[in-house]
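Chain nomenclature is as follows: A, B and C, assigned in order of appearance, with residue numbering initiated at 1 for each chain independently.
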Amino acid sequence: MPLTSQPIDTSIYTTITAAIRSEASRLFTAGEVVAIIGYAAARRVGSAQPIIITNAADAEKLIFTHACVNNLAVYLTKAKKEIPKTGKIGVVVKGCDLKALVGLMGESQLKREDLYLIGIPCNGVLGSTVQPATALTTESIASKCCDCNSHLPTGCDFVPNVALPPGLQMESRYSVEIARLEALTPAERWAYWKEQFAKCIKCYACRQVCPFCFCEQCLCDRNKPQMVDTTPRPAGNTAWHIVRAMHLAGRCAGCAECERVCPMDIPLNLLNRKMAKELKELYDYEAGFEVNDKGPLTMFTEKDDQSFIK
Amino acid sequence: MQKYISEQNLNTLIDTLIAAGTRVVAPRMSAGIPLYEPLENSAEMIIDQLPRRSAKEAFFPVCEEIMSYEKEGQQVKINDVDPSRFPETVLVGVRPCDAAAIPVLDAVFSWDYKDEFFLERRRKTTIIGLACTAADDACFCTAVGLSPAETRGSDLFLTPLNGGGYACQSYSEKGEALITTNSNLFSELNNAAPLPLAAPQADKIDLKKVKSWLDGHFEDPLWDGIAVRCVGCGACAFVCPACHCFDIVDEGTEKAGKRRKSWDACGFWKFTHHASGHNPRDLQPKRYRNRIMHKFKYYDDKFGQTLCTGCGRCVRICPVGIDIAAIVEEISNKEIS
Amino acid sequence: MCDTTNTNIYLPYLTTVAEVIDETPDVRTLRLVFQDEQIRNTFSFRAGQFAEYSAFGAGEATFCIASSPTRRGYIECSFRSVGRVTEELRRLEVGDSMGFRGPYGNSYPIEEFYGKNMVFVAGGIALPPLRTLIWNCLDLRDKFGDITIVYGARAEADLVYKRELQEWQERADVRLVKTVDPGGNGPEWDGKVGFVPTILEETAPSAENTIALVCGPPIMIKFTLPVLEKLGFSDEQVYTTLENRMKCGLGKCGRCNVGNVYVCKDGPVFTAKQIKAMPMEF
């Protein structure tokens, strides 16, 4: 992390807001979508929240700011089916969110033709919206944005025509932290995660916001048999977070919603990034760029690393 | 009784209590976040941040053992948990919104059957409240009739003074006793002015009006409107100082294990799901409605109290920005037919 | 009664399974005897109350007490194995230990029923909450007028308490009308064929000086209440019991509420009048 925090230019977000509104209005008027999932301003200064609009008049409610942190893909997955599914749905997506949609299409959870993707040229969002009235700086920016490789989403139906300001060079916080943890002894690493998992209160916010946690019934909510202890204690907490990390390996594209929403600040995306790093090293695979039928952990090729067989 | 205590003497009080074997719980940093936790010494205490979870866990822990069992053939041996093992505790630096929630919780844990896990801790705990000098726009204690200087629930209440130290007012025998037994640390209050308290962040809401609207609107489009965003996690309930729903589960092996009581949340689909598959609150709007109804109507119907002290934690941490203060305000502005 | 002061309100009594009766392929009745002699001698409850039954290691499940308060020395519960706890309870054998926490909730105001005719209407697995009262009435037979029982299930095999149905059928002071849904009857079936509400209408018990007690799946209740109304029963004359997911049974854990009504404390017994005043959330 840089020693001094530098401001990040978010001036393009005003232009983007105007462009989203006019496109949304056009889409409803032309009858191209039945609903649009986007962001709207909320009561607290600077805050934004997900909104689902179903008519042109409400297009004016849409905004894009650096407080538009949510990955709206979560509203399209099976477990959250209260969203109208009677026609084409417009979704406002940042580059990182798009990766989740790509993954979900690969897993046959979504069809591209059912969606109208409104892509956002993004210069970064806040890491935490606990205090939404925070300016975007190299310090307040989300960790996922520090090494973003998808400022400009590709393959969308509409992307506001704005030029991204030159990005600031930021150190990858996850790489630094992963390197730090990798340098620890297993006992030290265990101690670190034990302390982090001890904070877990099993609110399952991480699971509920994750676009990939679309299981109709989570393993942790089943009790015949009870695979994972339900109480927020070391055994059940650790089991849950390991189950989560493993289940997302090769699928998680790093929207980091789990980490953002954790009320106890458990660095959940760190686990996901470590998994992603392993996948990259073992299979040269990176989630979220292509609609793959199968990720590396669901198929076998002869080139696969066999070194675990001893 | 009103006295003065310097910051240094407050620290001495904490260290003296700890040395004497009293459990002192106060806001401290725990793996990167502020939580109300037992202190090892006064230096650990931080008072400038609202802990991430409320003070309710000093009485109603996230998870606790309520009994254990051992099986031997056809026989089972049950081991009780003796509430008298709970230590004498002093809670220091409790925010007014957190302290005010404790007497609210007394109602549910003491009506009819007495939950000694809560009540014994309650008897053994002295609460030292602390006036708030800072607030953010998620805070709404003033909307629900409390304030940054609210003393409800506190045995002793500290008000920071200009020039350092605190005015210390006792509100109960327990508070009085703490001053008396440590009288050397307290002195007469001089005429130093209190530090300016946090400015009110929200206008007072007419909770009676909110309740009367809720009385007649179990079915209302409002619920769908709010809950369409809700992702069904339990974060709001778990950080809430007044939410008190819990689960009871057995954890262990065939041979031995423990029965535990742990926090639960009405936002979870599983909360009301029958084993048969039937679920009376099968959709998120019904679950979110229950949250609002329980806080602003049902608890009032039963105990004459509101199950919200305006701490703003749920507003700050809701993953999808659901803002209970805005919802209650919206309800208060509705026409009552 | 559980002591309500200075004790661990979550602590169960230990009981021993004294008898296991298979009612249907998936419904089982357990007869339980308190292990502590003093409790065995002093334990009492009222018809309609429920309890938390534990299979240690799996947890607790909520059911009514299915035996009659007039039969001292034991209690019985009947349950279908559908969840983790009930599956575990099903594995218990005679002599095994089981936990019992209760009795909880309100009860049928049986004293108010003295001198009245009683009509029991039950469907499927929902007979246990009425069976406690049926036997209570039968054991105090001269305090009641006519006793009519209309009980139905999907098929013959799904009827619970078959031995008792036989006994009631043979008694001159009880009118038992048993039925199975169309298609649920075998060649030997000596009862009616038809849905419970239809058969109730056909049976046409007089509403005069009568109390009706209804228990069954929501769909049965839904169609039975209008029939009772048609027969002249007022909502104050009709009683039912609700069941909701519960954990504590003590008015604390917060999940069994229907609106501001806590099923565990204000119920489980309600009049149709009370039910109609509740929001539709059960």
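Going forward, contacts are C-beta pairs under 8 Å (C-beta built on N, C-alpha and C of every residue); 3 or more make two chains touch, one makes a residue touch a chain.
Just so it is clear, the structure is predicted and the values come from calculations on it, not from any experiment.
**Student:** Across the interfaces A-C and B-C, which one involves more C-beta pairs in contact?
**Tutor:** B-C
**Student:** If I average the C-alpha coordinates per chain and also across every protein chain shown, which chain's average lies closest to the global one?
**Tutor:** If one averages C-alpha positions chain by chain, the most central is B.
**Student:** Counting only Cα atoms for the centres, state how far chain A is from chain B in Å.
**Tutor:** Roughly 31 Å, centre to centre.
**Student:** Roughly how far is chain A from chain C, going centre to centre by Cα mean, in whole Å?
**Tutor:** The separation of the two C-alpha centroids amounts to 50 Å.
**Student:** With chain centres defined as C-alpha means, what is the inter-centre distance between chain B and chain C in Å?
**Tutor:** Going by mean C-alpha positions, chain B sits 39 Å from chain C.
**Student:** Going through chain B residue by residue, note those that touch at least 2 other chains and give them in order.
**Tutor:** Within chain B, the residues that touch at least two other chains are 247, 249.
**Student:** Two-or-more-chain contact residues of chain C, please, as numbers and ranges.
**Tutor:** Those would be 83-84.
**Student:** What residues on chain C touch chain B, complex-wise?
**Tutor:** Contacts found on chain C: 2, 4-12, 14, 16, 54, 56-61, 80, 82-86, 93, 95-97, 99, 218, 243-245, 247-248, 250-255, 257-260, 262, 265, 279, 281-282.
**Student:** What residues of chain B sit close enough to touch chain C in their complex?
**Tutor:** Of all residues in chain B, those touching chain C are 66-67, 69, 71, 74-76, 78, 80-81, 83, 108-109, 111-117, 218-219, 244-250, 252-254, 257, 259, 261, 264, 266, 271-278, 280-281, 286, 290, 293-294, 297-298, 301-302.
**Student:** Spell out the part of chain B that touches chain A in their complex, as residue ranges.
**Tutor:** For this pair, the touching residues of chain B are 30-33, 35, 52-53, 62-63, 136-138, 227-229, 231-235, 237-239, 247, 249, 251, 260, 262-263, 265, 268-270, 283-285, 315-317, 319-323, 325-326.
**Student:** Write out the stretch or stretches of chain A touching chain B in their complex.
**Tutor:** Spelled out, the residues of chain A in touch with chain B are 42-45, 47-52, 70, 74, 80, 82-83, 129-131, 133, 195-196, 198-199, 201-205, 207-209, 221, 229-233, 236, 257, 260-261, 263-265.
**Student:** Give the list of chain C residues in touch with chain A in this complex.
**Tutor:** It comes out as residues 83-84, 87.
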